[in-house]
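To keep things clear, I will list the structure first and then write my remarks on it.
In order of appearance the chains are A, B, C and D, and numbering begins at 1 in each one.
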Amino acid sequence: MSNIFPKWTNRLPLLVLAGGLLLGGGVVTGVTYYFTPKYTNVGYQPLQPVSFSHKIHAGELGMDCRYCHNGVEKSWFSNIPAASTCMNCHSVVLKDDLRLAPIRESHEKQTPVPWVQIHKTPDYVYFNHSVHVNRGISCVHCHGKINEMDEVRHEKTLSMAFCLDCHRTAHEKIRPLEQVYNLNWKSDGFTPEREGRALAGKLGVEGSTSCSVCHR
Amino acid sequence: MSHAYGILAEYDTPAAAMAAAQRVRDAGYTRWDVHTPFPVHGMDAAMGMKNSPVGWFTFLGGLSGYTGGMVMIWYMNAYNYEIVVGGKPMFSGFYAFPVCYELTILLGAFGSIIGMLILNRLPRLHHPLLKNMRFATVTHDKFFVVIQCDDHKYNETQTRTLLQTGAKHIEMVEE
Amino acid sequence: MSAHSPAAHASAETHEHTLWDRLPWMAAALGLLGCVAGYIIEGQKNFAHAYLVAFMFFLSIALGSFFLVLIHHLFDAYWSVPIRRFLEHLASLLPWMALFFLPIGLMSGDLYYWMSVDPAKDHALAVKQVLFNKKTWGIASAVLFGVWWLWTHKLRSWSLRQDETGAAECTVAMRRWAASGIFVFAFSLTAAAIFWMKSLEHQWFSTMYGVYYFAGSVWVALATAYAIALLLKRSNMVPMMGEEQFHSLAKLLFAFTVFYAYIHFSQYFLIWNAAMPEETFWYAKREQGNWAYVGWVIILGHFLLPFLTLLRIDAKLNLKVAIPIFVWVWLMHHVDMQFNIMPLVQPDGPVFLISSLSAMLLIGGLLTALFLWELRRHPAFPLKDPRMGEAVRH
Amino acid sequence: MSATSDHTPAYTTTTPAELQRVPLVQNQRSLAWISDKVAGIIEDDAPRWWWYAFIPSFLIATVGFASIGYLITTGVGVWGLNNPVMWGWAIVNFVWWIGIGHAGTLISAILFLLRQKWRTSINRTAEAMTIFAVMCAGIFPAIHVGRVWLVWYPLPIPNANDIWPQFRSPLLWDVFAVSTYFTVSLLFWYMGLIPDLATIRDRLRLQAQHLTGPAAQFINKAKQAVYGFFALGWTGSNRHWSHYEKAYLLLAGLSTPLVLSVHSIVSFDFAVSQVPGWHTTIFPPYFVAGAIFSGFGMVLTLMIPLRSLFKLEEIITERHIELMCKVTLATGSIVGYAYGMEFFIAWYGGNPYELYAFKNRAFGPYWWAYWIMVSCNVISPQFFWFKKIRTNMVAVFVLSIFVNIGMWFERFVIVVTSLHRDFLPSNWGYYSPTLMDVLTYVGTMGFFMTLFLLFIRFLPLIAISEVKGVTPQADPHHELGGAQKEVSH
């Protein structure tokens, strides 16, 4: 004649409650991680046909970004240089180095170097490089410290939240126009609240967040 | 090992159970209960019970649903991410109303049912009465009055006599 | 059970000198004086609109009561048997409203802008020229009073016949009249709301308007019924009047408080959302000047206050709550009618008019006198209604 | 009105025979009979007709889900949607199913508040119907978005896009309304079930005494565990009943505005727009009336066979069916009023597009849909004015099917006829469904029937404790409830 449920089952509500809280917490954590910008392409570092080192070129040699990516100021697109750009120097420097064979081949055959694109925006997003670099937004904000990378990796999330974050607080990211390509710039004396806002006002940077700014 | 939980009296009609309940109430017992297959109209008064406070849980649930909804919508659509749609104001109680209304009802309903469960100390799957075979007819057509042994007025013979009138059967329930 | 016959009980002599007999006439006389004064001081246009407010207000009570009688029969209800007789009297005031309609007919030119517009120059009028011309308007008004007379008269005369015979046949007959009556009611109320109130601004349209007037009408009728039931209980004229009746009336009042809010919210909300100028102008006009505050008064006073007050069961039976609420409901329904009508003559916000108060007193006083006369002529409740047993037992 | 009248006129309290009310449970059945009868349905083996109904339903549901799978893997192009008719059967079915649900909540909540005791015989089944109907309804908005895996977008969850749901959209209100509706209906239904689950549990305990053989005992134990778990340890304690009843009343009080709001919000999907034929202020109450109308149609469709198959005529009496017919009649007439009003105001308002939309409904390419709608929704319920028809189960059943058909066509008319004629004649088009549209819709019917048949097999389809509560022997002041004859209250 015994009750089918033993006595400990009277503690079930508490157990269920505790379990529910645990499960709920887990779900929230999971959602926060996977649904938020922390989980994107960050860390993507494909093997390139040529082990080109930005660290050497842009960092140690101090080349300007625009030497190779010369379209960045003029166009929505920041171009990958053609082999001829490389050959400007490498017809002299390391001219027989094995590591540069694909470049020379490309230069001779007039075929593109099969570089693997790392930073992509989806088709439904319009991103204009010239608009950003000509308004005091540095490369470093989206691409990270390229000048310290031997091999380029996806450093920032480039998620919608990432874009919006900057668009809402453009004055915190803006810098003097001559410092845009200086990836090591220190904002000494250039405070976002005063100089940042002033410059943003001068350049007409509104950091609009309306849909059609990016989704056209 | 088993010790007594209480004394159980079985009645055939709601009127007999109600009469017994009135006697127990007037005798001043506190740890006792009436068990019926359906809510018997007037039994609360016969047991001397107060109005149930479940309404407060509902009220709190509903209130938090409404205010929570309004704050959420204001934060999301008018503060954190302002976005112009259809020429409407960034925030207006009008467009926010349908959602807040639903949230009021949703949380009010949760408040009611959770309030009921908390006040009733349910779920309680293991219970001495649920071991008693005679008590199994409580959800069928029988009416029971149970007085617990730990009631300060409990006295086996006196309590038994008190329940006697109209009772069909009386027995002790083991813990 | 007393053997006293109802007719003797209702003999007029015993009541001749009570305050209740004189008060309505005094109010009416005062109202008449005020109306004359208001007409002279405030001008015909102002007076006409103030008078229309009063007319639509009392029409609401009569129509609402008519509805309550109809649904009593259709639902085969028992609890409303004791209150049915005076509801029938209230509904039977509808044909009398024709009398009070005469001034509106006379002043229609001042009230209804479309009567003086050339349809060729007004698209909104041209499309409904068939309906909106003086002749159709007049005939429609007459037809409305005609059908109201027929149905309220039939329902009450069968009810009175049952007082004598107690026959089930009377109940069946009343049900039949109620069945057809509910259709008549729906269409006549809608027509009345459109012809007499919505047509004040003939460019505006809303499919909800009939329902909107209906919701307010039943609401105010329920409060009125509650008050009358209370008086009849106090004077012991309806002995079986009790908690059941008051509780149910208050519950219905609560339900219609919500229903009105629902209807008005929906109408406003849909117009607000779609934001089409052909509709929004009506509300835009009512958000000008102090009318915006009146809008808030309607939200808070027509809905929130009675809603919160009547939420609790005990409040529905507590006279200290019920009586102020009844007065409040009258006030709020009057505000609602003002909100519909008065912005036409007072674009900047409501202004107190002698005419407003006087028209209320005049129509209200005369209708009360009529009602009391009817109440005295007939038994105060259905004597032999077959459902009376249930009403008494509960 | 004077305070001096000390005489009360004579009145009678007798009721003529033809106006006597029929009792809610016929033949003065005992309390025990009620639980034996209702619980017996679950305890007995499944009748043969149950299998005949269940297997096809299950197969149809499978086909429905297969078609949804095809839709998801291929895209919404498998449906007949086109431009300008971008909302087709999916939304029609959604509104239809949601509407059907409304009768359950009306019966369980509104009739409860109105103290209509006859609801007790039908509320459990009607509520179950609500839940299953809302489940079927919920499928359509979820699959119509195309990319089903992004269907969580309307929920206010922080996400990688840093954007929030857009609360000015009526479609978002729908999300909240429908999910609240489902949750609250489920809570309400489950709460009503608790005492009855305890009944089943206790009956299993009593039956266990007579069982022999380990297999039978194990099955009994397992059932006890399941039913007992969900009964939450209910003991019928009056202290519990007190809170329980209060909570039930409050849930009824909350469900009433809920049921009004859900279909109002569904109507906002259309009415806040500026599309001719959609934007009209009467939509909210009109949709609610239509929903209740269609819901009662479905309750009748389900109840009439059920009561005769399970021999429940003493609990679900002719009076119950009659009363439901009357609700159908009332709501059908309200819907008729709204149709008339819409048409009238389309003319009255003087907007040529609006008038065209309505003329086009009645006499355009979809005239047949319009007239099916009018005849099923407005004309067919008018037969319920006659008691002869209300008490003829075959007639009621047939008319209830008409109601179901009519209400589906109402939504079809609203959605399709308003869209297929755009403001620009160059955008005009004609919409016809594809096989996938049909299979998905029929599939949800199979899904609904599957759930419903499982419900009547495993849960008490009549609220046992509530029906007991409305019998005379439940009243301690009634002779049958044990009250002494001479004692008056």
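Keep this in mind: a contact is a pair of C-beta atoms (placed from the backbone, for glycine too) under 8 Å apart; a residue touches a chain by one contact, two chains touch by 3 or more.
In this text the structure is predicted, and so the values were computed from the model without any measurement.
Visitor: So using the touch definition from the top, which pair is joined by more C-beta contacts, B-D or A-B?
Guide: B-D
Visitor: Express in whole angstrom the distance between the two chain centres, defined as the mean CA positions of subunit A and subunit C.
Guide: 70
Visitor: Roughly how many whole angstrom separate the Cα centroids of subunit B and subunit D?
Guide: Each chain's C-alpha centroid was found; their separation is 28 Å.
Visitor: Based only on mean CA positions, could you tell me how far subunit A sits from subunit B in angstrom?
Guide: The computed centroid separation for subunit A versus subunit B comes out at 58 Å.
Visitor: Let me have the rounded angstrom distance from the C-alpha centre of subunit A over to the C-alpha centre of subunit D, please.
Guide: Spacing between the chain centres: roughly 53 Å.
Visitor: So which bits of subunit C are touching at least two other chains?
Guide: In subunit C, the residues touching two or more other chains are 269, 273.
Visitor: Out of subunit A, which residues touch more than one other chain, so two or more?
Guide: 5, 10, 164, in rising order.
Visitor: Mind pulling the residue numbers of subunit D that touch at least two other chains?
Guide: Residues 162-163, 170, 228-229, 233, 257, 268 of subunit D touch two or more partner chains.
Visitor: Which pairs of chains touch each other?
Guide: Result for touching pairs of chains: A-B, A-D, B-C, B-D, C-D.
Visitor: Name, in rising order, each residue of subunit B that touches subunit C in their complex.
Guide: Subunit B reaches subunit C through residues 86-88, 94-95, 97.
Visitor: Quick one: in the complex, what on subunit D touches subunit C?
Guide: Residue positions touching the partner: 1-16, 18-19, 21, 113, 170, 257, 260, 264, 268, 271-274, 279-285, 326, 330, 333, 337-338, 341-342, 345, 347-351, 385.
Visitor: What residues on subunit D touch subunit B, complex-wise?
Guide: 30-32, 35, 156, 162-170, 172-173, 176-177, 180, 183-184, 187-188, 191, 195, 198-199, 201-203, 205-206, 209, 228-229, 232-247, 250-251, 254-255, 257-258, 261, 265, 268, 465-466, 468-469, 473-477, 481-484
Visitor: Can you tell me which positions in subunit A touch subunit B when the two form their complex?
Guide: 1-3, 5-10, 12-13, 164, 209-211
Visitor: Using the touch rule from the top, collect the residues of subunit C that touch subunit D in their complex.
Guide: 1-6, 9, 14-15, 18, 20, 74, 123-124, 126-128, 131, 166-168, 171, 179, 182-183, 186, 190, 194, 203, 205-211, 231-232, 234-237, 239-240, 251, 258, 262-263, 266-267, 269-271, 273-274, 276, 278, 372, 375, 379-381, 383-384, 386-390, 392-393
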